[in-house]
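Next up: some structures, all given as structure tokens.
Consider the two complexes below, in which subunit A is the common component and subunit B and subunit C are the respective partners.
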Partner chain A sequence: MIRAISACDYLQPVPDGAALPPLEAALKDLCRERFRRIDRFIQLALLGSARCVAGRTLRPDCGIYLGSGLGPIGNNIVTQQQLIRDAEIPKPVNFVNTLGSSAGFYVARNLGLQGQNFFISRRGASLQAVLSAAIADLTCGVVGQALLGVVEEVALPLAEHRLRQHLPGDLTLAEGSHWLLLQPGTGDSRSLELKHFTKFAALEDFLKSVWRTGDRLCCARSMEARVAGALRRDFDAGARPDPAAAFHDSLEAAWLAAFAASPEPGTLFLADGSPERGWSLFYLGA
Partner chain B sequence: MAGAYIRGMGLSCALGEDAASSVSALQRRQMRPVALRLEEFTEPVQMPYYRIPDRAELFDAGRLARLLPPAARAAVTQAGLTPGEIRRLPLFIGSSCFSIGVSEARYAAALAQQPQTAIPMPLCGYQDMAVVLQQTLGCRGDTYTYNTACTASANALLGALHMIELGWYRHALVVGAELANRTTLAGFSGLQIVADALRPFDAARKGLVLGEGIGAVVLSAETDSTNRLRVLGGASNCDTWSVTTADTGGKSVAAVLSQALEQTHLQPRQVRAIKAHGTATPAGDTAEALGMRQVFAGVPPLSVLKPCLGHTLGACGINELILFAGALQRGFLPATPGFATPDPALGVQPITAPEPAPDGHYLLNHFGFGGNNTVLVLEKTAP
Partner chain C sequence: MMNREQLKLELKQMIIRECEKDLRPEQIPDDAVLIGSEGSLALDSLDALQIALAVKQQYGKRIDGNNQTRAALTSINTLADFILPDGVP
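And now, the complex of A and B:
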């Protein structure tokens, strides 16, 4: 049994015309050293991971699983402008931070970790990608603990950021850093499980067998609307998470981390899949 | 430890446009870097470069969509997967560049046409390679895209391996892809670690030479009578000494090598040879050499492949696995051209002539920016 022993959810809507909230003061209290060559994406990763760990001593074989749909987009914009618009060789710090793994490096350094450190993306479903990788490694015994995070950055100006992602012009955008600390074992913390189903009917039957009043269901955005609609009708009609409230590419992670951090009763289910991919159900229990 | 079998391989790199011809060229110790000079920057970028010999313009934005599918299709075809298996096939992709070259081209075109409305990073995220492969091969399984610098495709392979071992998937397509782009070439030029030639572990080594390549492997839970290569396992860790350089004392390299051996229940004496990472940077080779010496009383024979195909960055894990595995299938350990003068500070030297490759266990080293270290364990058995 895998348990989520800690969680942190940072979700910050960014209104049009507003500046991004400064993170330096918060990081000063959370970081063991002052990191100088870091960008917004790394700042967000440091903030969420340190809050999630909250001073706990981590196992030496704790792995880091960082997911993101867009990665360090603000730094990548600066680098591309230097290169294409200004015809200049990118500054070394900008070039190195274009790699998604740079954020994981600073998280590991801040928390004193030396285990495996992965950056994995699946557009619109990076949470499911890192959850799958972490659960697989915990189940195989490759890592004894997994610090799993999903980070999405907002790049200003917002109008360009919406165009870049083909989003409606009136959609409220958010940045986020959502983290879970996972480890095998028993205890009072929430359990995390993943089940695979070849057929959709088997997923439905399983949900019927375990569903309790008060449980919640999220259908991944990648699911066919008809299938997701059927699940919502049968189990939980609430639109979760609500993309109209504040959107980023991995919004399901905000919902999952917020639930994990809360004392709310019940189980949260995240369904994903298609007839070709098969079906998967992640669930975070009481 | 079940591991997973290599059922199919496809490759396009500076050595050749398919896996078989690339292994033949490796056997001949072919080295054909081209001289590259980019005049468009305020400071010219000049370096040797190992390019795929496809005759297209180097920064042609259509190369990604043209070059990615054939390598993947070759691996899938060789694996003999049924149409249903191909439809369900999950993709594990490792790269450093993704579609940045396409993004650069679109931004440059927009700047030329309407500079006021040009948006930088018009293509963002990491999904484009997966989309190209899904559209051309018809695979609709889950996708996992790894971005861990030069260990990306090796880590993608480990991820696929663990999920196959758990029975989540029967087969997986693991792809490493790196194509020329301005960000990478100018970025490495700015780091000043690019040399005029690759001399791994040599006393006169000065740095790396970049290259491009696309490799694909079908990893499978099942074997057939002809299958002789199995990925047994591996390990990955993070060295937080520096974001761009491994601890030159070799501690984290030794740790990841030991973890890989422990994870596959092997003793150091059981390792027949090592495919070294061998970037030929002064610090990188020092860390790798000292790390290997801490684990092995006598370091096994070392092969370095980068002098023949260049450093293909995030794709090197799969590209070099394919070349090394192909060499093992033909019964030889590849020689390392470019090495001439031993460095007494390192205490290791790669083989300079091909050697026989017996059945047994082989390690493949990969190290990258962000402190990422990954070692794969490959087993060759008699048919």
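And now, the complex of A and C:
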């Protein structure tokens, strides 16, 4: 059984006209050294991972599984502007940090980890991608512990950030850094499981068999709206976070991390899939 | 035209900015080794690239891979010599 022994949920709405909140002071308290050459995406990754670990000693073979829909978008924009708009060679530090894996490097360095270190980007489904990878590795014993995070950065101006993602002009945007520390074992912490289904009906039947009052259902954004709507009608009796309250590309990670960190009873189910890809159900239980 | 002392101050400010070092210009001696672990600034190869690009953008002088120009990154003094035309005090 895989358990989520710690969680951190940093979700910060960015109001229109506001500057991005500075993170340097928080990082000064959380990081064991002052890192140079880090962009905002790396700052967010360091903030969430350090809060999640919260001073615990991690296993030497703890793997890092970092996901993001947009990746280091602010730094990518700067680099593209240097290359295309200004016809200049991009600054080396900007160029290096266009790789999402740079953030994993700094997280590992801050926490003293030397195990495997993944960065996976999948628009609208980055959480599912890193969860699948981490669960597989933990189940097979490839790693003894997994530090799993999903980070989404906002790049100003907000109007362009919305346009880039084809979002409505009035949607509130947020930055996020959502992390879980996972390891096999028993105990009081929440269990994490993953089931795959070839047919949607099998997923529905399974949910019916395990659903209890107070459980929550989160349908991934990548699910077809009609299917997600049907699932919500049948199963989602409890209150859910409102996705319109503040949006980023991996909001499912915010729900999962917030639930993992909360003492609320019940199970949170995250459903995803399509007829072509098959169906999956992640669930974080008591 | 900029004199040598003004240029050295600018170079120190540029290095502090580009390499995000917690230093003041007066804490960088003119002859301090800039790159490598033996230098007091402990700058590395990525810092060297960052400085080389900043020098190109700010002063139009290209530090490339040959030994002569690479030697420009030895210290503030050598960097100033590399940028300034001959004869500038």
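Here is the rule we go by: the second predicted complex is superposed on the first by the 281 of 286 C-alpha atoms of A that agree within 3 Å, B and C clash if a C-alpha of one lies under 4 Å from a C-alpha of the other, contacts with A are read in each partner's own complex, and residues count from 1 in each chain.
What we mean here is this: a contact is a pair of C-beta atoms (placed from the backbone, for glycine too) under 8 Å apart; a residue touches a chain by one contact, two chains touch by 3 or more.
Every value quoted in this text rests on a predicted model; they were computed, and no experiment measured them.
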On the A-aligned overlay, A:A108 touches which partner chain: subunit B = first, subunit C = second, or both, or neither? first
Please work out whether A:E88 is in contact with subunit B alone, subunit C alone, both, or neither, and reply first, second, both or neither. both
Subunit B or subunit C, by number of subunit A residues touched: B
Based on the superposed arrangement, let me know which partner A:V96 touches: subunit B (first), subunit C (second), both, or neither? both
Touch test for A:S189: subunit B only (first), subunit C only (second), both, or neither? neither
In the overlaid three-chain picture, which partner chain does A:R34 touch, first (subunit B) or second (subunit C), both, or neither? second
Share the list of subunit A residues that count as touching for subunit B in one structure and for subunit C in the other. 37, 88-89, 91-92, 96
What residues on subunit B touch subunit A, complex-wise? 40-43, 45, 87-88, 90, 96, 103-104, 107-108, 111, 118-122, 124-127, 130, 140-149, 155, 159, 162-163, 165-166, 168, 182-183, 186-191, 235-240, 243-244, 252, 255, 263, 368-372
Touching subunit A in the complex: which residues of subunit C? 18-22, 46, 49-50, 53-54, 57
Contact residues on subunit A for subunit B in the complex? 37, 64, 69-71, 73, 76-77, 79-81, 83-85, 87-92, 95-96, 98-102, 104-106, 108-109, 113-123, 128-129, 132-133, 136-137, 139-140, 142, 155, 160, 163-165, 196, 249, 274, 276-278
Along subunit A, where are the residues that touch subunit C in the complex? 34, 36-37, 88-89, 91-93, 96
